[in-house]
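Naming follows writing order (A, B, C and D), and every chain is counted from residue 1.
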Amino acid sequence: MSSSYGENIRLTVFGQSHSPAIGMTLEGIPAGEKINLDALLRFLERRAPGRAAWSTSRKEADIPEFLSGLNDDCVTCGTPITAIIRNTDVRSQDYDNIKNIPRPGHADYTAQIKYSGYQDAAGGGHFSGRLTAPLCIAGGICKDLLEKKGISVISRIFSIGNVMDNGTLESSTGGKPFPVVDDKQGEGMQELIAEVKEKGDSVGGIIECAVTGIPAGIGDPVFDGMENRISKAVFGIPAVKGIEFGAGFGVAAMFGSENNDEFYFSDGVVKTRTNNCGGILGGITNGMPLTFRVAVKPTPSIAIKQNSVDLSDGRDTEIVIKGRHDPCIVPRAVPCVEAAAALAVYDALSVKE
Amino acid sequence: MSSSYGENIRLTVFGQSHSPAIGMTLEGIPAGEKINLDALLRFLERRAPGRAAWSTSRKEADIPEFLSGLNDDCVTCGTPITAIIRNTDVRSQDYDNIKNIPRPGHADYTAQIKYSGYQDAAGGGHFSGRLTAPLCIAGGICKDLLEKKGISVISRIFSIGNVMDNGTLESSTGGKPFPVVDDKQGEGMQELIAEVKEKGDSVGGIIECAVTGIPAGIGDPVFDGMENRISKAVFGIPAVKGIEFGAGFGVAAMFGSENNDEFYFSDGVVKTRTNNCGGILGGITNGMPLTFRVAVKPTPSIAIKQNSVDLSDGRDTEIVIKGRHDPCIVPRAVPCVEAAAALAVYDALSVKE
Amino acid sequence: MSSSYGENIRLTVFGQSHSPAIGMTLEGIPAGEKINLDALLRFLERRAPGRAAWSTSRKEADIPEFLSGLNDDCVTCGTPITAIIRNTDVRSQDYDNIKNIPRPGHADYTAQIKYSGYQDAAGGGHFSGRLTAPLCIAGGICKDLLEKKGISVISRIFSIGNVMDNGTLESSTGGKPFPVVDDKQGEGMQELIAEVKEKGDSVGGIIECAVTGIPAGIGDPVFDGMENRISKAVFGIPAVKGIEFGAGFGVAAMFGSENNDEFYFSDGVVKTRTNNCGGILGGITNGMPLTFRVAVKPTPSIAIKQNSVDLSDGRDTEIVIKGRHDPCIVPRAVPCVEAAAALAVYDALSVKE
Amino acid sequence: MSSSYGENIRLTVFGQSHSPAIGMTLEGIPAGEKINLDALLRFLERRAPGRAAWSTSRKEADIPEFLSGLNDDCVTCGTPITAIIRNTDVRSQDYDNIKNIPRPGHADYTAQIKYSGYQDAAGGGHFSGRLTAPLCIAGGICKDLLEKKGISVISRIFSIGNVMDNGTLESSTGGKPFPVVDDKQGEGMQELIAEVKEKGDSVGGIIECAVTGIPAGIGDPVFDGMENRISKAVFGIPAVKGIEFGAGFGVAAMFGSENNDEFYFSDGVVKTRTNNCGGILGGITNGMPLTFRVAVKPTPSIAIKQNSVDLSDGRDTEIVIKGRHDPCIVPRAVPCVEAAAALAVYDALSVKE
């Protein structure tokens, strides 16, 4: 089913931007796992709107209510975990025209066709970036459970527009107000975001993610290798248009003698000197950090007038989008990418060998 | 299951490089569809080894035998279609050392860990590029059935090393000996391949694919959108390390005002002036060509001596790979990418709305 | 996943007897379907506790709140439908001993083993008959959508203890206070229930169900035939211990010449004179009513003292179960069986041929 | 997919009665498991046709050829196991009329509707009892792997027509020429079969199966409990029309005080004095033998003239079935039931807790 993910655990996200609630059900988490609610709330806070200049001013408390699957002391009882977040700060009137005049870059038109006009268009409906909140609940739980196994999912903004981060992703940037390695570059990114906001425009970027501490031998070729699994999860985040593992598109211009990661022993453990494969060979982890990058498009909602069509009368028209929008979705997408990766890795680890 | 793909149709590939046979079972194709065997054989021929300078000299007739699912006149009867290809030109002795000394860039080491040493290592086993033959049988069938619905899956080599194709992908390059739009650039690519072969090295590249004629409204968000579906299929091809849709990683450096594809009416049909979204919005097709590119790594098998480890004694060692190998896998991967795309699109079209 | 059902639509039930809420998510219902809330509430009322002498005195309003998937006017928008029911009349202290002294006939012991003692034992947790409420929400929706296609799911109590209904199931008994064809026999059944209640005991029964108006050609052999699909759904109802289709176990003592249903034309439509096959041949409907019966065990909660074990000290002990319980679960299970059948049939109809 | 079974392992059966081959692919068996080919062939021999008076005279060697998934020494390598059986003794002309004049009790008519006349009708196509051969290959492998874990799948003929076996099923009857506990009763059954054969008729029966040695805690409620799993597998055997667990339909006439299985400690192990629940509570095994019975209908192919319809001209007609058929399918169905049970249990055991 399309709003579900996973083979061994299974996440289902539900809700629309302006429905009574959004939420998620997560099946397959073993009984007896303590859910760290504090860590989860801190994780969700990284995605929450209304916190900073680059974010929409829509404010939602976004505190999940757990309806099932936990005992009184937040320990899993082995059956489906459901959590919901009530939608409170709803302004449906901002979106009245969407069904007739689709916003460029949004799913308005495609939803109109797919659902024969019955889609819940308000706020983007099920396509809203808001649906990444339930993804982050599930992913945050998985991330925390992975942490207990010594596996960390970390990430950073790799670039915004043409401003690139420096340095190497080696530890979590989640504690920083702006998640980059080089804060100086982060300032440049924030300046760029402020500029495009000023112009009523938006800008895209790249997020880099790494999973460290993952044991060798995880992933199931042919179609459930780590690349397949992570891609399927990551493209569930609206605005992602590309993914690459290790050297990624860079491999295209490399020779085999450059690209091959040579093996060596380090204290009895097999490692590779380079990590062009992103820790994945034949879809299976090799024990090195699993690394990937995703391309995030500029927020399609911009204040600048755009051309569109009026589906009600079959004529070309113009559209000016009102409402509250992020000039750059990338910073808030960082925890979403971690969530997707954690979900995919946890699922892959749950295969009984 | 890991060697299976699809929600509404379901492909399972089986076999190892040197097992008695490789093959595939394809479930869910409706009864009454005529399989065009000639077209299928021509399609498989594009992937077959031993045809050209850039290809391994291993020769396999690679003629599929259909065991089930068809009536006498090659019309589907509604139940699973199974086809096999016998492995004939097998030289297991070429691979005797793989279990102890893993080849850099190959799945030897990860398979060793995952399968506790019980993997069928000969020829790469289930990880062999040879397993793309059953993928191409299934994908070739889907491609042909899509063609009957007016949907074409076309592709080309976008680049080999630093040599890029020119022009735009508008029609199939499948009839050409070297599948590029600009044959002049194709010559440059072939020269580069010849050069690296001479050195015992290999080189990577990028393949571009487009699905034209696909109706708007196909794809199932959140996790079964077209990007999710195609990625999951495409990463089933060994050596693929990245995928991007439409403008792909290019969106990272774009402004919303550049990246958004504005709508207009063309003879009553909604179109977009640009196609940065690659024909996909919110995971759903918008009626424009669905476009994507994949990064293919250089063949890991090279004749140059490499560093590796000897798992039998825990020491670093060197390895020289013998056997027959493609200096560049990209040309033969072109139909594989088409096959994966056709499979994913056919599956997405088979959802009952 | 274990709490999910369906191939083309997908139901997930969540919640425990005493968790904040129970509920369900139903994916795959097409956009544009009007949900008849009145009909749904009437259907749920048939399952609700606290209505009659044979029912537990636990009272729950059991009014579902729809959180997602519907537009303002109760029309589906094409994305997952989630509804929840809050648990209000909760008395956890009634169940304090369950973890140590498992109740015979209940899942207390098996849950203890499976979930290593982390199960939510209160009220039977996820194993509670209460979890049939979300099943009935989903099944009620499917039943109503089937009705619009001319397909009716009807059922009756076939027997309670040794008291059997008379007559043939030809139309819904859902409007009756006691769902049998022959009300006289129904009185006898109610007398038997009153008797066993008096003794602190309980009694089982058989429910018969028929799906009329279902077209020929539905069902997907080998493992998704109608028998497989319906069984998988029906055994999701606690207390069901057997299922038989058409003549069922009766076929064992029949000759082929008796059991075979001969075909004939009736006004141009192929029918069979008998319906020993229960409307299913080779897993596929033949256009005759699809009929089956399920065996429902006596409520395991009885007031009579029983032998059990104390898992805390490894000794045999006795148990007297307090709390509120149905002396006969069969009447309330009738709509549950309809719900399971409706779900299975709707799912089977949603295969794209 | 309809011809596939399993959540953690996955069986796909393919082939038609008269296609070049029938076969199966089994995914998810761990690497390193030795397949006992001798045991498998003996198991298949129990199902094979042409061995006895009650069996069709169609002879097939039915020796599977393994195409993939095994190393040279019959040890699994972790990737899909495919085995095929060539169809050799084919007489298509026996079935020329099936498409027009459907045989009562067979799937001819329903296949005709479902597949719009494109079904492979010869020999019953994919609906043929012959498709239980691949089921038995997979089930036989699972049964053998379970045996290594101390879990035995055993069964017997419980009744043929009105002749019932005596005694209790406690060990395998697989070594006997006629698989009953009480050979005297078995003789009576064989006499009955001989009688009905003489008349050109057929007769049904009941098979009882038990899984002993299965640990407590296996099975996944709500919809993947042991009853759901086993039912889904068992109804994949043509001719099965009912299934009951433990006391089965008998529970309907029992009181809770009779039906509840009281717990006690036996040498520190929790057991129950009775086993009315068939070793399953809440869908989860309780450590007692898992027991069930299935109803098998009389072979629909009988030599007696029957009424049917001619679909080509819309008129009622008569049919006399030629060809070779079993007067009673029950004996050959015994290993099929074991195979289905073994498959279901092995799959349930493969859930990672």
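Just so we're on the same page, a contact is a pair of C-beta atoms (placed from the backbone, for glycine too) under 8 Å apart; a residue touches a chain by one contact, two chains touch by 3 or more.
A quick note: this is a predicted structure, and the numbers were derived from the prediction, not measured.
**Q** What is the chain whose Cα centroid lies farthest from the Cα centroid of chain C?
**A** Result for max centroid distance from chain C is chain B.
**Q** How many Å are there between the centre of chain B and the centre of chain C, using C-alpha atoms for each centre?
**A** 46
**Q** Could you put a whole-Å number on the gap between the CA centroids of chain B and chain D?
**A** 39
**Q** Between chain A and chain B, what distance separates the C-alpha centroids? Give it in angstrom.
**A** So the centre of chain A lies 26 Å away from the centre of chain B.
**Q** Considering chain C alone, which of its residues make contact with at least two other chains?
**A** Chain C, residues with two or more chain partners: 1-4, 13, 114, 126, 353.
**Q** Report the topology of the inter-chain touch graph, choosing from line, ring, star, complete and other.
**A** Graph shape, chains as nodes and touching pairs as edges: complete.
**Q** Going by the contact rule set out above, which residues of chain A touch chain B in the complex?
**A** It is residues 1-5, 13, 102, 104-107, 109-111, 113-114, 126-127, 131, 135, 159-162, 196, 201-206, 216-225, 227-228, 231-233, 235-236, 238, 240-265, 268, 270, 272-273, 276-278, 280-287, 295-302, 304, 306-309, 311, 314-316, 353 of chain A that touch chain B.
**Q** Which residues of chain C touch chain A in the complex?
**A** Interface residues on the chain C side: 1-4, 6, 9-10, 12-16, 19-23, 25, 27-28, 31-32, 65-71, 75-82, 84, 114-120, 125-126.
**Q** Within their complex, state which residues of chain C touch chain B.
**A** Residue list for chain C touching chain B: 8, 30, 350-353.
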